[in-house]
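For reference, chains read A, B, C, D, E, F, G and H in written order, and residue numbers begin at 1 within each chain.
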Amino acid sequence: MNKEKIKKLLEAVKENKMSIDSAARMLKDLPFKDLGFAKIDNHREIRTGYPEIIYCAGKTEEQVVIIVREMLKMGSSILGTRADKKVYEAVKAMCPEAEYHDVANIITIRKKEVELTDSYIVVVTAGTSDIPVAEEAAITAQMLGNRVERVFDVGVAGIHRLFASLDIITGANVVIAVAGMEGALASVVGGLVDKPVIAVPTSVGYGASFGGLSALLSMLNSCASGTAVVNIDNGFGAGYLASMINKGN
Amino acid sequence: MNKEKIKKLLEAVKENKMSIDSAARMLKDLPFKDLGFAKIDNHREIRTGYPEIIYCAGKTEEQVVIIVREMLKMGSSILGTRADKKVYEAVKAMCPEAEYHDVANIITIRKKEVELTDSYIVVVTAGTSDIPVAEEAAITAQMLGNRVERVFDVGVAGIHRLFASLDIITGANVVIAVAGMEGALASVVGGLVDKPVIAVPTSVGYGASFGGLSALLSMLNSCASGTAVVNIDNGFGAGYLASMINKGN
Amino acid sequence: MNKEKIKKLLEAVKENKMSIDSAARMLKDLPFKDLGFAKIDNHREIRTGYPEIIYCAGKTEEQVVIIVREMLKMGSSILGTRADKKVYEAVKAMCPEAEYHDVANIITIRKKEVELTDSYIVVVTAGTSDIPVAEEAAITAQMLGNRVERVFDVGVAGIHRLFASLDIITGANVVIAVAGMEGALASVVGGLVDKPVIAVPTSVGYGASFGGLSALLSMLNSCASGTAVVNIDNGFGAGYLASMINKGN
Amino acid sequence: MNKEKIKKLLEAVKENKMSIDSAARMLKDLPFKDLGFAKIDNHREIRTGYPEIIYCAGKTEEQVVIIVREMLKMGSSILGTRADKKVYEAVKAMCPEAEYHDVANIITIRKKEVELTDSYIVVVTAGTSDIPVAEEAAITAQMLGNRVERVFDVGVAGIHRLFASLDIITGANVVIAVAGMEGALASVVGGLVDKPVIAVPTSVGYGASFGGLSALLSMLNSCASGTAVVNIDNGFGAGYLASMINKGN
Amino acid sequence: MNKEKIKKLLEAVKENKMSIDSAARMLKDLPFKDLGFAKIDNHREIRTGYPEIIYCAGKTEEQVVIIVREMLKMGSSILGTRADKKVYEAVKAMCPEAEYHDVANIITIRKKEVELTDSYIVVVTAGTSDIPVAEEAAITAQMLGNRVERVFDVGVAGIHRLFASLDIITGANVVIAVAGMEGALASVVGGLVDKPVIAVPTSVGYGASFGGLSALLSMLNSCASGTAVVNIDNGFGAGYLASMINKGN
Amino acid sequence: MNKEKIKKLLEAVKENKMSIDSAARMLKDLPFKDLGFAKIDNHREIRTGYPEIIYCAGKTEEQVVIIVREMLKMGSSILGTRADKKVYEAVKAMCPEAEYHDVANIITIRKKEVELTDSYIVVVTAGTSDIPVAEEAAITAQMLGNRVERVFDVGVAGIHRLFASLDIITGANVVIAVAGMEGALASVVGGLVDKPVIAVPTSVGYGASFGGLSALLSMLNSCASGTAVVNIDNGFGAGYLASMINKGN
Amino acid sequence: MNKEKIKKLLEAVKENKMSIDSAARMLKDLPFKDLGFAKIDNHREIRTGYPEIIYCAGKTEEQVVIIVREMLKMGSSILGTRADKKVYEAVKAMCPEAEYHDVANIITIRKKEVELTDSYIVVVTAGTSDIPVAEEAAITAQMLGNRVERVFDVGVAGIHRLFASLDIITGANVVIAVAGMEGALASVVGGLVDKPVIAVPTSVGYGASFGGLSALLSMLNSCASGTAVVNIDNGFGAGYLASMINKGN
Amino acid sequence: MNKEKIKKLLEAVKENKMSIDSAARMLKDLPFKDLGFAKIDNHREIRTGYPEIIYCAGKTEEQVVIIVREMLKMGSSILGTRADKKVYEAVKAMCPEAEYHDVANIITIRKKEVELTDSYIVVVTAGTSDIPVAEEAAITAQMLGNRVERVFDVGVAGIHRLFASLDIITGANVVIAVAGMEGALASVVGGLVDKPVIAVPTSVGYGASFGGLSALLSMLNSCASGTAVVNIDNGFGAGYLASMINKGN
């Protein structure tokens, strides 16, 4: 994976500084720690404040606590998504500085202060019900060191509300457009700005919204250039990608 | 169906002016003419210029010609939708005043001049490829006696083009919004006007547009109040309903 | 959006009655009030009794109460849809004249008496289980100032029941046809009347009704001219559009 | 399969009239003839005029001709469905008395005259485009010895046309209702008669008819008791089942 | 609807035995009783023991009780499907002779003894989990006066179990085949018998059974002639249709 | 079914050692025991430790207990899948040596010790949430006498984790690849090994995973040769098939 | 849309340098040219070599030629996507310097030389059949001024081929991953690089690939952070967005 | 990928027999040959007669010829699937010993004679139209060195035909069950044999077979243990996997 390291290993082997067997073992053991039910990556360089990420849904409280403990040993900040209150309390019992963002269902543990970027990401929602997904995106991007602005409830059925916030939207480096139902917000925003737009369909709605399918298809078919789509309700994925783009990857 | 007529029949029977059997026969024979493969309604009052309608798809040229001939006997104007050029030529051979609207694939035969309404219907499309469906709606509404305005290629990816035509759109009595792909036009227009919006999804697009499904779902989920949807590519249905609304039914 | 106002603003600026900056600020601030999680439109003219509308699903009780309070300050009547009893009680605690329509799950607060139209809208259902959606449509239309007639449980499996109410149906200005399962009611009614029919598929049914998909597709494919469809279970949307059509928009 | 025969075989073996090996071979060889690419059943008793059936789609002309020749050796009448003109001509070259029903795409070869039933099956279609499927059902039922009546183009958008034929429909022993698009015909007919209704969805339509899916779902959800559904465009299956019911199986 | 009655009405009017207005009123009032939320048909002739039917799902206990009371006034036997225990208890409180079939979720009230047919309907299930749907079919058919045989848990994964019951299956006049998951039972049974097979897909299964869709599609595509399909889990519909066929309609 | 036995029966009949009627009865009675609601196969030879299998979902506790008791009489080991804790406790009350595998929701009763194969099956999961399905596969394969290795949480988003376990994966005789969401694990593993890969899509995920549909389609479309797919979440089926392959069927 | 320009207009009006009417007209006329069937945007600043874009599918040759001519008047370079050879020839007849990229179905007309970026975009495909979509992305990105590298036929079924190109992939600023069938390439690449990955599902495949749906769902569910998806076969959209990201928007 | 080789490389480097750079280059260059549009694997050991495989669909004739030529240089036998006649002729022009299997659309070039296995694979089809897919499976398995038996047209609608071939089916080591429409064959066969069954759904059918979806779902839901499914029409995949299982992988 990491060519430099592999070259160095080869050189060490060549120069007899390392046995072949140790080299083989290192290649296998280095990049993660095996907990049996999960394997924790620990090959990320310990950049200032860059968090390790845990997707908590489908894991027991015990599993999350064990993973967090293991990560804390490496000195990482932590971002736990899709965490309900019970999981948070279990984590807090072990690590009192854990914080809970209840709209976003995110647990964060900050080990180092991050300096935020000057350029910012704007998170836009069509309605009030889309806010939890939007907050998941926003908190994620903030934990990754980005300045984030929020513009909520500006769906296209009242497009003047969108235009009233046009300055803040067009001033952003990346736009995250969060919408359920007809998902038209992404197309309209995509037509107004010359920046990458990450569209997040939400499962908000009823009837023919079919759990977000309607917004998803709408966003995939957007005529506006410069738009791409993540999974339904995937605020985290949008925040992560937006951070990559905003920070020059 | 028609209570007045039924009451009169009952009275005629009561007053012995008509035998029970004739009454029964009349109830059955009155409203249409049976051609074997098709049954032509002839119960519409002969209003000035109101056309009879033929859906030509799935009928042979011979069938269409026979139906048209039968309708012409009643002195009706005629509107033949989904007619390809061959069908038109077969009809024209029998009735030289038949006209063909090739973008809309419509045959018309005008028996009486219709006076157009003052109030108008506006037909709006998202793109150039949506024009055939839009023309089907527009020609239909015109044949039914409505003034129609057209505003084409104003999809939301370039929303300034939509706004430049806002006067003509907001001045209409009914809006027909025709769009494929993400179908966002209907929502945006629905949020801008206080008039009924009839949304027509089109099968324009590729990939995840799934033959118009994307636009259909998007339009059904529109957050804008006052919008309803017809079948994919159903320009005729939109034009017909718009006419009902514009003319006070 | 509102050309008159924009022209007046431009003139005021030209005549030096207003600074450029105030003009810019007015353009942005005028049309709504920002509550952070929601933006309330307040640009509707205060017509007699015309209500402001809140879609309560997906909002917390607190959010609904705040929005209602803000709207009441503007003197508006209020129509809160998809509101459960708890939301109603929270609203009632703040505003004792709030009423609850429990079949329709609607909260209403009437600030002015509305005079009902002479012409009426008829709401027709196929079965007993479709009544909640039908009531959402009916209450909506009534709050918007329309006379409404109800004809329930006249599905096509017992079509004589439908015909027994034919007078009241054909006498209406607009028909709202509410049906789940096979949704055939809309087609049959559409073939019987010469008025706009707004079809509302419901999620009533089981098995291959797939949450209303069956009725939705059936209604979209209706052969009857003059029919358009709203989202599954969207009684509100049907009532709103019917009101637009009945009141001449 | 056939218990009588198996018992007789067992008895013959017991009484030493037949060797065990012949018995085994008979059990295997009796019921069909193997052509390599197809296996022809020949275990149907040779009832008067009861035809053997070939589904021609997906078979080459040569394959069909070979199968027909083999069947003729058994003295059977033949019913070949989904046969295009080319297949028919190949069959006719071998067997000149073969007839072609071009609307239904059926080849028939009658070896014995069949006496038709007194009771009859009625085949009803919603539109003109549904006739080919209806004819497949009608010809099938006729070849199987049933009197068949046809009532075409009586879709629910002009329900008076359906009522005008009510006598002939209610007089039938079984109703086959053929309809595409919204498929409402089956429900309406099912509500009007007290006889079994076999609903045949057709792929007629466009847009949200999705190749017959709309009519299929609609028919499956029919509220009318006494209705069952066959595959989209499966006129043959409907005709066959209707014959079973009409003839007391 | 009922031609005899209409003729008699016309004659009564002609002979001055009845005023026109009464005739009109009778045509409207005769066939059902309007309870506001439901309309009860009372035009069925009171055949020996033939029950009135109530689909209880989606109705409140109060509504069911009112409907039952009204039906009892007409002296009908009653069959209430999809009734949970609470509904049953409410009915029993009013009418103590009500019986509950808890596997089938059916309430029955027998007002007259029915003599069962000699010929019988067989209800076959693939698995144990399909029994509730099968019982809905069986109880329905019994209440309608049919002898019913049950053959449960003979799915095709152990086809010898099916063959062991072949005598009872092939001896039936109509077969109801109830199966979830892959639904192959209907095809296999359809290939073994020369009687009408009514296939009932069930929502039993998981994963790619998609709530019964898999079995539904499988049954619709059955290669066996003589098979038709009802809605997923619609045991009632199958029992009703089977009765029609078994009793010669 | 079993030709040998049938031949012997025929011979016994021929040689008058058995009456025809007994032969017929034996053919019917031999292979299973009828419990009314279920039919238990007892035709499996009692191989060392080979268990009888019960799919517990959709069966009541009583039904499972009765089936288990009947199976124990035959001396079989037992494998009960999809069993919740309550079912287990009911079984344990009757048979105290019953064991419960709570991650896999499996009840086992071992009557004979099984010797495990030398060759092994490896069960690989993409994530932690896929473990329950994987355990269902693993316990099944073990009960059937196979050595099983587990490699969990090696999804392709961290492909180095997969490579670190490559030795154990490539050394297996059969690979079971369990993954939800995008299901890519099956393709990657399929490309790395020259052994049969049984892909198990899981319903793990959210949004556009549509209950496992995404993983299912992905796995079916795998470009890697040597892969086949079982139903979503069907760990049992994968374990059973893997055992067949590993043990040379 | 463009706040600067609007402010300047307001100032010009205030200072009486411009009449209100001209200001209004300018606001409307400025941003595009209306061709009746299409509206050409001409508000893009004439950056060095930045092309105007035409989506040719669904437009007639004449329409494309007229649009191109109009764009050339503005001195723009041109990028015409989804153009078949006939359209190209019509364009070439008018503008001989037009070039055709036949694998990508793109017409380009370069008016100015563009200097390419140092950082590059890599376009990766799973198979040979994905190349046309990949080329659409690559040519688009190149026309927009980006250095582009191509790595084709490195699907996960032969993952060593992917790893052999890992240097060139990890060295890119943005990755475009193009794949049909199971679409696993995007997940694997997303797990290997720390750069934004734009996933393009293609309609390559058969059977359960359902026209690209399989790859689309797979990519949306990717567990790899930093991935977003565009419409099926939308190479242009991917190239455009990649350019935005690579060039710092 | 290949641990032995990597270890040897490391040792060669350690012992200074190879430079680090050559080692790196070898790791990259070894396993395939890059043709630009395709990358040919050449790391398979040249086992007796084991063919290289080309999926010809979506490749031009030129591309196929170039790939074949390159493979022939390595002395491989070749199996080209989904090849139409034109592709075959282009290949034959270059390599005259190429053979064409026209039912299966397969090109084969045998470089070495393969000895067939004693144990055999049986390929079973439900109908005549499934034969092309079955032949793709059969030819594939034969080219890979397996004895193959064919049993065609034994669908469950005539289950006695299936039973007549039961000996040959139960005697196989692996069963490939090929069926379209309702796909029940796989379940029935799976219930009859104790061998692995590879189910291949085909796109044969019409209407609600939805291009093979019906058979696919049916097979995935098979209640018979020991069954797994490949993509619709994927005869090659089934033949390849069957060979792996039959030959002990």
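FYI, a contact is a pair of C-beta atoms (placed from the backbone, for glycine too) under 8 Å apart; a residue touches a chain by one contact, two chains touch by 3 or more.
Just so you know, these numbers come straight off a predicted model, no measurement behind them.
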{"item": "Contacts common to chain B and chain D (chain labels)", "value": "C, E"}
{"item": "Length of the shortest touching-chain route, chain D through to chain F", "value": "1"}
{"item": "Remotest chain, chain F as reference, centres from CA atoms", "value": "B"}
{"item": "Result of counting contacting C-beta pairs for B-G and E-H, higher pair", "value": "E-H"}
{"item": "Listed chain pair D-F, F-H or B-D that repeats interface A-H [over half of contact pairs the same by residue number]", "value": "D-F"}
{"item": "Centre-to-centre distance between chain D and chain C (centres being mean Cα positions), rounded to whole Å", "value": "49"}
{"item": "Where chain C and chain H are represented by their mean Cα positions, the distance between them in whole Å", "value": "59"}
{"item": "Computed distance of Cα centres, chain H from chain B, in Å", "value": "54"}
{"item": "Multi-partner residues of chain B (at least 2 other chains)", "value": "1, 127, 158, 192, 207-209, 213, 216, 220-221, 225, 231-232"}
{"item": "Chain-chain contacts as defined at top", "value": "A-B, A-C, A-F, A-G, A-H, B-C, B-D, B-E, B-G, C-D, C-E, C-G, D-E, D-F, D-H, E-F, E-H, F-G, F-H, G-H"}
{"item": "Interfacial residue positions of chain G with respect to chain C in the complex", "value": "7, 10-11, 13-14, 16, 20, 23-24"}
{"item": "Contacting residues of chain A [partner chain G, same complex]", "value": "1, 3, 53, 166-167, 173-174, 192, 194-196, 198, 216, 220-221, 225-232, 236-238, 240-241, 244-245, 248-249"}
{"item": "Chain G residues within the chain F interface of the complex", "value": "126-127, 155-159, 181-184, 187-188, 190-192, 205, 207-210, 213-215, 217-225"}
{"item": "Residues on chain F engaged by chain A in the complex (per definition of touch)", "value": "127-129, 131, 152-154, 158, 160-161, 164, 204, 206-209"}
{"item": "Touch list for chain B against partner chain D, complex", "value": "1, 28-29, 31-32, 36-39, 41, 43, 57-59, 63, 201, 203, 211-213, 216, 231-234"}
